[in-house]
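Just so it is clear, A, B, C and D label the chains in written order, and each chain counts residues from 1 on its own.
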Amino acid sequence: MASKGLAIIAGVGPGTGASIARRFAKLYSVVLLSRTPSNFEPLVQEINSSGGKAIGISTDVSDANSVKSAFDEIEKQFPDSPLAASIFNPAGGFVRKPFLELTDEEYSTALDSQAKGAFYFAQRSLPLLLKAKESSPHPPTLIFTGATASIKGSAQFAAFASGKFALRALAQSLAREFGPQGIHVSHAIIDGIIDIPRTKQWVLPHEDAKLSPDSIADSYWYLHTQPRTTFAFELDLRPYIEKW
Amino acid sequence: MASKGLAIIAGVGPGTGASIARRFAKLYSVVLLSRTPSNFEPLVQEINSSGGKAIGISTDVSDANSVKSAFDEIEKQFPDSPLAASIFNPAGGFVRKPFLELTDEEYSTALDSQAKGAFYFAQRSLPLLLKAKESSPHPPTLIFTGATASIKGSAQFAAFASGKFALRALAQSLAREFGPQGIHVSHAIIDGIIDIPRTKQWVLPHEDAKLSPDSIADSYWYLHTQPRTTFAFELDLRPYIEKW
Amino acid sequence: MASKGLAIIAGVGPGTGASIARRFAKLYSVVLLSRTPSNFEPLVQEINSSGGKAIGISTDVSDANSVKSAFDEIEKQFPDSPLAASIFNPAGGFVRKPFLELTDEEYSTALDSQAKGAFYFAQRSLPLLLKAKESSPHPPTLIFTGATASIKGSAQFAAFASGKFALRALAQSLAREFGPQGIHVSHAIIDGIIDIPRTKQWVLPHEDAKLSPDSIADSYWYLHTQPRTTFAFELDLRPYIEKW
Amino acid sequence: MASKGLAIIAGVGPGTGASIARRFAKLYSVVLLSRTPSNFEPLVQEINSSGGKAIGISTDVSDANSVKSAFDEIEKQFPDSPLAASIFNPAGGFVRKPFLELTDEEYSTALDSQAKGAFYFAQRSLPLLLKAKESSPHPPTLIFTGATASIKGSAQFAAFASGKFALRALAQSLAREFGPQGIHVSHAIIDGIIDIPRTKQWVLPHEDAKLSPDSIADSYWYLHTQPRTTFAFELDLRPYIEKW
């Protein structure tokens, strides 16, 4: 398989990030960013050994210098690959506790992981996406992963909701600025429990009550393949059984 | 091609409805509802002559009896076909004028075409969709077409926005009631000018500045194929250049 | 007390409407519209006997002719009073039941009571409000009463939510068209149980867990007294204990 | 005038903050927080010389230690005054520029001024507000000042919108957690240009086209005086002529 370009996925654990990587690796070389190499190493191996092309770079997206190093490395390793898709799928900053028990650090971490991380990631991705406009097989795409907390500030979610609201603001602003330049910026609201190793033991009363990471990845792929006449900015994904 | 089930599309003119019909006709027999037979006749012929199966029924969706007759006819003609998708894509009720110049009839027509039409259509579709749960190749799906006016009541759009807001309320309520029963209910916000014969003469300053009906149809098809673990309720579609 | 103008309240039962009438009667002559005269008769008497001025007119707001008659009567009885405030506070159309059990009539009634009633009421109120711009002590005001169902289409609320969404669309559109003409158009989302005779027997686990009709009326009065430099369009009112 | 309690206003320049301070000083002792003493000194003098009681404390709300010192000082100076109202009205973080020209520092400053500042301020205010439940003349109140950018991420507003979205998330979360404990948490969306010294030279085509700071202050006071049966969470304030 000849790679048609590059996809960067920030936030790759055993769940959604991995499924997105596998999906985009069918057409593109993929770069996996995660703080912990053990998060991406098996996946890099899996993709490379099944005919795709993947590398992993240990990156802390909430650290400007770490993001800078990662993108410098990407541009060095893939000087001629158009960046077709850049996906921000961060895990950090989740915390649920009474507001008066939240520490400064917990609140800051939520903002840093979600909002500042997305800012650094977008600032390095967008010039590459703009450069790829003619050569990418589909409109160059920047997708942000949101959550229920992106649109509702529930009790005890002050930190996480602040980070996720800020991330959605960033996504909207970028869609309005870079959409007219041909970049597809999208925000997906993942509303429910994702079916990943960590949630396996949560037994729910109904079948299929958790979001499938592969189906989330299909939705991201679908967004990526939309033509510029018909861009979706936002979609909300949830299991059929979810209350909302 | 052996049909795998049935799709009903209400509101079929030369634009989105026709594209949706063509897209769903690749897998399903399609029933096209429109007040004016000339709206669906060429399309019925086109689909039938290219290996698909289509019928058209002259129907006024804002009239309970007309909807009843149409569904009675559908059940008679397709007694054994599971209803895989039912799509409400009405055109009626659009009017833009100063509020004090709106007539009672214009305001009523907007509510009748959008909200009441959708009510009648959903009440007849849902029992068939529920019955198709085991036999439909994808989760039985009910999609409503919205517009910018579904989420913003602009000046001079009192009538149309009332109809479209009401339609969205209906869609949300049905998603919450029938989602847990395995029916995928979705609402698409079409935000921009659609590229159809009627809008051909509107020359816009940018290329690709109108929504492609075929791409809208692809999005509806994508919604239909989502598994029940990962249903999208709402997505907004607009040209890359659109202000929002 | 010399009346400084006129206030019309549509939808006057023993709850919010009565409190609004009492509040606005402190400065204005008030006209109370309700289908059932027994709804406004005691209140008319109460206001008149305590130094205010009130009349009641039996009106079905969902009937164009009935609204026409009411306004003709108002203009005859108060030819020189500027219309300072017009408040649409309808009760009709509430129904909660499984969608497939909803009758056509129930769905239509919700649209008629809320959306069409508001349309008729606004069309007759706005010319009078515009005429009152110089003479009304506060910016002429048109307020619509919303509910939780104005912004959320819950399961089993398809009819009521359709009506309330449509009403909110109308309010937004009118605010955008008539705000720049100096008319203050507002929409209040009443989110919770109102403390009225009918709900007295509902015992809640916390004190003060129901909305006070007098406090709702105070909020409407507050909206009315805002200067045109600083109009609020929407506010949401709920008991401190309410989940949202 | 005997003070009935205490009000703290963070973010006091010559505009809204000053009007809020004057309004709340009619009933309460007021504490004015601003980084620059020259922002609050004339106001402190004005309030004290007209029969009120005011102090100013030089505070950087985006700095945890600075907020800590300020509240320590407040508790020392007013050990027996119930905290009736705490108002977060920050000015920092506004920046409008193409995304790729935004500096890390500008993006961080927006989050720090709005979200982290509000976090520090709320964490120190809430214990005092809770303690004041029995003694405050009105339900203890925590109000946050939002902007258009609180609900819309416009092009070139990525930083400011991120901060304001995050602030709104925080406000929602606190309203849901502390409302049931009797604290009134509100968020005001100020949508338009405020009529302050800095904006005097902006001549608009219509009279009264800027928000009056005194009227904003009246709205905040109105929120503060609502009983717990009927709390408003959010209201949007704009000049009658504003496009939205």
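To be clear about the criterion, a contact is a pair of C-beta atoms (placed from the backbone, for glycine too) under 8 Å apart; a residue touches a chain by one contact, two chains touch by 3 or more.
Given the structure is predicted, the values throughout are model-derived calculations rather than measurements.
K.L.:
Could you run down the chains that neighbour chain B and chain C together?
P.N.:
Per touch definition, common to chain B and chain C: zero chains.
K.L.:
Have a look at where chain C meets chain D and say same if over half of the interface residue numbers show up on both copies, different if under half do.
P.N.:
same
K.L.:
In angstrom, rounded to a whole number, how far apart do the mean CA points of chain A and chain D lie?
P.N.:
For chain A versus chain D, the centre distance works out to 34 Å.
K.L.:
Nearest whole angstrom, what separates the Cα centre of chain B from the Cα centre of chain D?
P.N.:
That gives a centre separation of 46 Å.
K.L.:
How many angstrom between the C-alpha centroids of chain D and chain C?
P.N.:
For chain C versus chain D, the centre distance works out to 31 Å.
K.L.:
Mind pulling the residue numbers of chain B that touch at least two other chains?
P.N.:
176
K.L.:
Considering only which chains touch which, how would you classify the arrangement: line, ring, star, complete or other?
P.N.:
Contact map by chain: ring.
K.L.:
Inside the complex, what are the residues of chain D that reach chain C?
P.N.:
It comes out as residues 139, 176, 179-180, 182, 184, 195, 206, 208-212, 215-216, 218-219, 222, 226-244.
K.L.:
Note which residues of chain D are touching chain A in the complex, please.
P.N.:
Answer in residue numbers: 64, 98-100, 102, 104, 107-108, 111, 115-116, 119-120, 122-123, 126-127, 149, 152-158, 161-174, 176-178.
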